[in-house]
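Here chain A shows up in two complexes: once beside chain B, once beside chain C.
And then the complex of A and B:
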């Protein structure tokens, strides 16, 4: 029984991270229908940035969120200006296809750049609390994982409040509903998309800091993108609130897979579920029929 | 007539190459170019002609390699093993690939990506070891039979795509690429043609996998399942010109030569450069290098007379 609880709790701690990973992707897809598969690559680059910064300063990596997030906001701004702005004019299907292809190319570029700069070796930020656990009713919970859960909840609530309680958030939601109508209401759609895209890539910084605390290498960019896509489809495309639940669900499913079959097939469970949902409920588990 | 003579000339020339050139390096280059041509043409049938962007061709490539190696080690002659690998790839496609057509558009792309990830994880766990060529073959390893097989297979692939672009079947594929709903509306059974396209594509991918397994003497079982085998053909076909006959060949030549150029000190540079070129082609040259060449030719032909007509000269 304790064994099950242990596996499940690890699954949930991982799940919070998955939710954070998917958050930026979900925002970008929801607002402008861009399937930004390079998001995992951005997270991986954020991990290396954190690793570097930690290597030189030895300050607690969680504090780097303040630095990494604005940095990736700027990177997102530049990427949108150079690559993604020209896609705005396409109809929806073309938009998804072209953004998928371009960001797929970006993903390859990011992971190969990382191999070039930092080699394919595994790295990790080692802090004083790495590997430390707290025991709750006999279940061991690592501090880092708990920090991840707290961070995920804070960030998702903050984003939700930003989107529902501020004027600019309202504009973003209006654009995500209908570009043309938003234009007619006097919203500068281009600007809103630019900012939303930049926020989306800034949101890569936070999971980036978290992944840097465990072992990571350039190849995790593909895994992270994959996790993000699975969470996206579990949560329903473009749903911010669903992302945390989707992430936790994926974590729990993977934990179940580990319990039933064993660690080597951990990823396979999420992937099979993903394909099945894509086939039978392409609008997502929680999404409404289009 | 001129075309047929040219073609016959090329075939005879390619057949004579190993008799004239004894440098293993050149043969290796041609084999690699053929391998990538086969793979990218396999992708081209499904992605370029039919417009179903697959990010999971490594699955079919890998299964071709796996079955080829198994049959070959069991004692089957290499050409029979090649057919076996190709057919097993088709069987796998009918088991997992055809249901994937329930996925439309971009869902198909990410769904096939998930399939290829499932495949590599499963193979890594089921076959952890290294696969070796049959020992009696290994003792007299020579590039010449591999060269002939590579050239034959790539001619088959190019010929198939050429025949497709000139047939009604190919037209049906292209109509699905251009507008699936409209194709359905004018009475094309889109599901049927997508299945045919996928079958042809996976057959060729299986041939490519067999070729890989014939060429590389020993490798970890999971190597032909690596995601690179899914991604490279996408890059090659898009840069060369998706949906064309010569495009993937040109793309493969560039890809392999770049790879050779950087192989010594910067192993991954070619993918990096190709990634950048890929993004540029998607943004500015949707028809690839072939489109660029056509455009330049047109500009040359019409440039002067066009300006004359405008009265700007």
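And then the complex of A and C:
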């Protein structure tokens, strides 16, 4: 029984990270129908940024969030201006296809550049609390995982408050519901999309710091995009509220799979889930029928 | 004055409007009438900057507006209440109204405008926290108008607001528009398939057929015009 609780709690700790990983992707897809699969690549780059920043400064990596997040906001801004702005005028389906192609290209470029600069070796930020755990009723919970859960909750609440309490946040939601009606209300839709895209990219910074604390290499960009897409399907496309639940669910299901079959098949369960959901409930678990 | 001169609009290769010229004076109610597909909605979309004319011009108080981005037209005092209402369905009524008052000038007037709207549409003040998509059709149309009014406009463009609503509700909403026109001195450009209603409240009207203006005159003249009676009012 304790063994099950242990595996399940690891699953939940992982799941919070998956939620964070999917958050930026979900925001961007919800607002402008861009399927930004390079998001995993951005997270991987954020991990390297954290790794090198820690290497040179030895400051606690969690503190780098205040640097990495704005940095990736700027990177998102530049990417949108150069690559994604021109897609704005296309109809919805075309936006998905074209943004998918462009961002998949970006994903390949990011991961190959990372191999070129920093090799394919595994790296990790090692802090004083790496590997430290707290015991709760005999279940071992690593500090870093708990930090991830806390971050996920804080970030999702902050994003929710931004989207529901500020004029600009509400404008982002209005644009996601109806571009033309938003324009007719005097909202600069191009500007809103630019900022939403940049926020989505900035949201790669936070999981990036977390993944840097475990072993990572350039190839995690594909794994992370994979996880983000599964969470997106679970949550329902563009649903911010569903993302944390979707992430936790994926984490729990993976943990269950590991318990029943074994670690090598961990990824398989997520993908099976992905296929099942697409077959039987394509609007997502929490989503409404379109 | 809102002035449209020699306007031509194309959708790709297909021409929708030919040489459209008309004006809306300050504090006036003007109706554009015509059958389905005559180009009425195209005119409103062009004025509000969603569509670009291939020829001709639109000017607002003497300033040419046909090259200005659509979101800035709102700042010039023109707001379109679009056909089919186009509410932000998953947002609350209050959030919809806030989005109507998004531009800087209107944000400062938010409380004052909300108070005014609860006077002209009392039913909405009880529904502010409700999700807009769950309201009845008539209430949604009221939200759409109220959302437009939140932008503190000088010209209100109204597109087919009677669509899918019960006649009594339509009449009430038009009464309210007349009231707004009188009390706030707001000019209103009405596009409406319900020709009788549209001409009744209008100071002046224009008849549009196949993308061209064919007849114009005062509201009452057009109501008594024999051809219009035949074509649109079904009483020869």
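Everything below uses one rule, namely that the second predicted complex is superposed on the first by the 290 of 290 C-alpha atoms of A that agree within 3 Å, B and C clash if a C-alpha of one lies under 4 Å from a C-alpha of the other, contacts with A are read in each partner's own complex, and residues count from 1 in each chain.
Just so we're on the same page, contacts are C-beta pairs under 8 Å (C-beta built on N, C-alpha and C of every residue); 3 or more make two chains touch, one makes a residue touch a chain.
All values reported here derive from a predicted model rather than from experimental measurement.
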{"item": "Partner chain(s) touched by A:124 [first = chain B, second = chain C, both, neither]", "value": "neither"}
{"item": "Touched partner set for A:171, first chain B, second chain C, both or neither", "value": "second"}
{"item": "First, second, both or neither for A:71, with chain B first and chain C second", "value": "neither"}
{"item": "First, second, both or neither for A:264, with chain B first and chain C second", "value": "first"}
{"item": "Which superposed partner A:35 touches (first chain B, second chain C, both, neither)", "value": "first"}
{"item": "On chain A, the residue positions that both chain B and chain C contact, one per complex", "value": "none"}
{"item": "Touching residues (chain side chain A, partner chain B) in the complex", "value": "35, 37, 83, 86, 93, 96-98, 100-102, 104-106, 108-109, 112-113, 115-116, 222, 226, 229-230, 264-265, 267-268, 271-272, 274-275, 278-280, 282"}
{"item": "Chain B to chain A touching residues, read off their complex", "value": "53, 55, 99-100, 102-107, 109-111, 113-115, 117-118, 121-122, 124-125, 227, 231, 234-235, 238, 266, 268-269, 271-272, 274-276, 278-279, 282-283"}
{"item": "Chain A residues touching chain C - in the complex, by the definition given at the top", "value": "167, 170-171, 173-174, 177-178, 180-189"}
{"item": "List of chain C residues in touch with chain A within their complex", "value": "48-50, 69-75, 79-80, 82, 86-91, 95, 98-100, 102-103, 106-107, 147, 151"}
